[in-house]
Amino acid sequence: MSEPIHLLPDETFVLNVGPQHPATHGVLRIKMRMHGEYVAEAETVLGYIHRMHEKMGELKTYPQFLMNLSRMDYLGALAYCHGHVLVVEKASGIQVPERAEYIRVITVELNRIASHLFGVGSFVMDLGGFSPLMYMLQDREYILDMLEAVTGARLTYCYYRFGGLYNDIDDTFIARARAFIPRCRESLKKYHRLITENIIFRKRLEGNVYLSSEMCRKYGATGGVARASGINFDVRKNEPYSVYPEFNFEVPVFTEGDSMARYKVKMAEIEQSLRIIEQGLDKLPDGPIMPEKAPKIIKPPAGDYYQAVETSKGSFGIRLVSDGSKNPYRLKLRSPSYSNVSLFDEACVGSMIMDAMAFFGSLDLVVPEIDR
Amino acid sequence: MIGYFQEIFTGLWSLFVGMSISFKEFFSPVVTVEYPYETVTMAPRFRGHIDLVPDENGATKCVLCMACERACPSGCITIEGEKKEGEKKKTLTLYQLDFTRCSLCGCCVEACNFEAIDFSKEYNLASTRKEDFYFDLLKRLQEKRQ
Amino acid sequence: MNFSLTLFNVVVAVIIIVAFVAMNAAYLVWAERRGAGRIQRRPGPNINGPFGLFQPPLDGLKLMAKQLLVPGGADKVLFAAAPVLAMFPAITSFVTIPFSDTLVAHNINVGLLCVFAFAALGSMSILFAGWSSHNKYAMMAAVRAISQSVAYEIPMLITVITVVMISGSLDLREIVRQQSGNIFHWNIFPLLGNSHNLLMPFSFLIFFICSLAETNRAPFDLSEEESVLVAGYHIEYGSMGFGLFFMGEYANIVVGTSLATLLFLGGWACPFGLFPGVWWFLIKVYALIATIIWIRWTFPRSTIYSLLNLSWKILIPLSLVNLLLTAGLLKVF
Amino acid sequence: MIRTNVLSAMRALFPEAPEAPPVVEAPPPVPEQDAAAAKKAEKSAKPAPRVNGVVERDYAVHGYHIDTQVAPEQLLEAVNILDQQQFFLETITGVDWIADQQLEAIYDFSHFGFEPCRVVIRTRVPRDNPQLPTISGIYAGANWHERETHEFFGIVFEGHPYLVPLLLPEDADFHPLLKDFKA
């Protein structure tokens, strides 16, 4: 592994990684001061696709902002939408029918699997293995087809409504979801044999950029990054929301703190999400998907409200400051990757550029979510 | 010393396992759809851009309540109507959708109380000109009627 | 008269070789893309012509139609020379590589040495390209390529020495002649045949790994790592400059696999001892190339330090031990 | 447990108000309110500025437990308390209370433990001279959040190592989330 080296400042050069660089998965720039192959200093530069969602939130009414959330993290969009509808429902005291909550949880977990599959796949692609991504895309495609049949969109969903859902799931969806579970378990086995046990992959990832739990705390890292460093934190368990308390699932925690652990957390989470979907399909109650008296105009009383949800990237928080009007007074979106990537500058110093980029990939970033 | 060789052998074995997997995949059938030559059928709930729904006469159901225009987050719907002589209600003369700004959220379809608009199943939309995406939905409806 | 006939022969041979290498390079791209496609459960290029067979010439046409750009600050001479140099070692190597007993451009009795001498020039083209491009990514890639090349020449040559010791010749034709007969006479198979090549499968493995690294193929394609170095040494090349690099990579693969075939797999000898000929040589070469493609689309990329560790800590000691043991076996039997 | 710890430590910051005001949480109004009530709600658009102090909030309504408003000088002290209790920084944000001519900075903290405890620290600064001490010395992750708050609201974090716009262009001199910002 890379040893800390004595850095001679006059022998360094600046390497501009990005904004258009294959490893940054979008437009994100890292200014690296290199000492040969070693990273001596890194500075992440954001904002290339900043769209000011928060100002849009202030200018639009509550229902009009629904579709913006899925434009944040387009891979695991439903969890973000979930957070948004939850905070507005909490603020205006809307009761959600149980069936709607169950369907939300099932679709969020399906979307989480899709996001993790793509996250892991593109991570492996960063390491040079292209075929695993293609295999994972096949499973992801199955989920997207399933969600498309229900929500009408493949990535940028606008499915949840304040109080419930846009439309109900049908038997075809349930049958396909049930068929998906054994299929995904089967392919997970394949991925473990193809990737997890592969010697090249293991050699690259084991010990690759260690993150201590203290560092995760200081930077506010959550999600898979924190769980790989031995922090047992999952908003679904620690701060249960929606109907998650009724599900029986585990939070995978690894203590190694390296990229291998971050990868393993994702793979283990796919299994846990499958368990949640299985239970959700079994328990799915009948009933309406919208409350009988859904308010036409959303006007939460003045005050401020906070809701955290666990997305595929970590803890997504949404702070709503309402002044009692049709528009939010302030809508703050706390995106998990923003905190997760902020520790990159410090953590990657002293490692080789290949390791730094592998570490970068293991953070599972989606740039529109960081830039908002 | 044993560890040294063990590592080499387990490493080599994991490589052979990986190669056996890709070998199996090599002989599995192709799963992709060759898009321009074959297409998939869109799901019934697929949300394309909006379209005016004809009533039984093939005319529009729109009554110019402007609910969709107000509901649209991006302001991409423009509706114009005029009151013809001898008629009580306004008739629709222009329903323009600026698809360059539409985000397919469906707020307009939900806002409509008259079921006058619905999602189309169009997805083969590509053009090099921006103007091609200013859809005149009323014209589309009339073309459909013919 | 005699001289001019030889010259004529050589010119014809070189033209044939250039055509062979270029066609191979072009169609191996097609084969790689088709193979990768099948491994990833998609069809690969299949639109242009039957099975997409017109894809490589059309790609070439497209590349040739593009403007050749020289980046500002680049060393123009080296920048232009590098892509030419990329193809050159492969073509010159083929001058001495025999396709069959009679089909060889110009056989010399130190053919093996000649091939390695030329093949070592390949990394020079990468160095030139990386240095002249005036680009940090390209420079880093070039440095990587050189350290990789230095590291892997050593075990490769040491392993080749074992073959040379067994055959007692540097003449490639002679090496193959000794392996003629059925499959068990090939150098790769121990016990039967040349009786004292117990460790030959092992040598073959080392040789194969080294030739992967020497030709910059996955999982050792660190000098063109697209996820960090974007495209590595040919980042600044467009047009046919890029095309030549691309073809050079495949031409080098053909050279590497040809050598492996000649040294270990019995060259043009038939596995059943029947009808030896150039077709058997080609079948073996393409089987090895298919394996290389298969490997590339299965594994992730190695890192530069584990790559160098593999060479210096595993392959070089092992190949030295291999050499010693082979020498001992030769002495005993 | 951790909630009471934090509560008592936070209350110690405000010695002049030993008794915390009793929490009076109006239940969320039923959605179908009559027009008069809706108008009334609109009239009370801006919540009255609260005095500095600690308030315990109803988690089910607000989504956080402890709401602390501190003076800018007390900020570091309050954040230190949370750091000692192993809290992590969720986010920093601002709110522009233009009617009061004040900017509010809101610090959201949460905890990795299994007892949910969300703490909000808020502090108000005058709109014409918004200055706050940086907490990036305590929480390294605050660096980016403070940069973001600086560029969106113009709040100057004194002592911040590198206070240049992060999401906006690096030469941006406008603060888009201020209510009087016109694009």
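As written, the chains take the letters A, B, C and D, and residue 1 is the first residue of each chain.
The definition used in the following text is that a contact is a pair of C-beta atoms (placed from the backbone, for glycine too) under 8 Å apart; a residue touches a chain by one contact, two chains touch by 3 or more.
Predicted model only: the values in this text are computed from it and were never measured.
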item: Middle chain, criterion being Cα centroid separation; value: A
item: Chain A-chain C separation of Cα centroids, rounded to whole Å; value: 43
item: Cα-centroid distance, chain C relative to chain D, in whole angstrom; value: 64
item: Between chain A and chain D, centroid-to-centroid distance (C-alpha), Å; value: 25
item: Rounded Å distance, chain B centre to chain D centre (Cα mean); value: 41
item: Junction residues of chain A, two or more chains touched; value: 131, 135, 138, 194, 198, 200
item: Multi-partner residues of chain C (each touching 2 or more other chains); value: 39-42, 297-299
item: Touching chain combinations (by label order); value: A-B, A-C, A-D, B-C
item: Touching residues (chain side chain B, partner chain A) in the complex; value: 10-12, 14-15, 17-18, 21-22, 25, 31, 43-47, 71-73, 103-107, 110, 119
item: Interface residues, chain A side, partner chain C - complex; value: 2, 13, 15, 21-23, 34, 37, 124-131, 134-135, 138, 194-195, 198, 200-201, 203-204, 352-355, 357, 361
item: Contact footprint of chain D on chain A as seen in their complex; value: 46-47, 50, 52, 54-55, 58, 87, 90-94, 215-222, 226, 231-233, 237-239, 293, 295, 299-308, 315, 317, 319, 321, 323-325, 329-330, 332, 334, 338-339, 342-343, 346, 371-372
item: Of all residues in chain A, those that touch chain B in their complex; value: 60, 63-68, 71, 131, 135, 138, 145, 148-153, 156, 158, 166-167, 190, 193-194, 197-200, 202
item: Chain B residues within the chain C interface of the complex; value: 8, 15, 18-19, 21-23, 25-32, 34
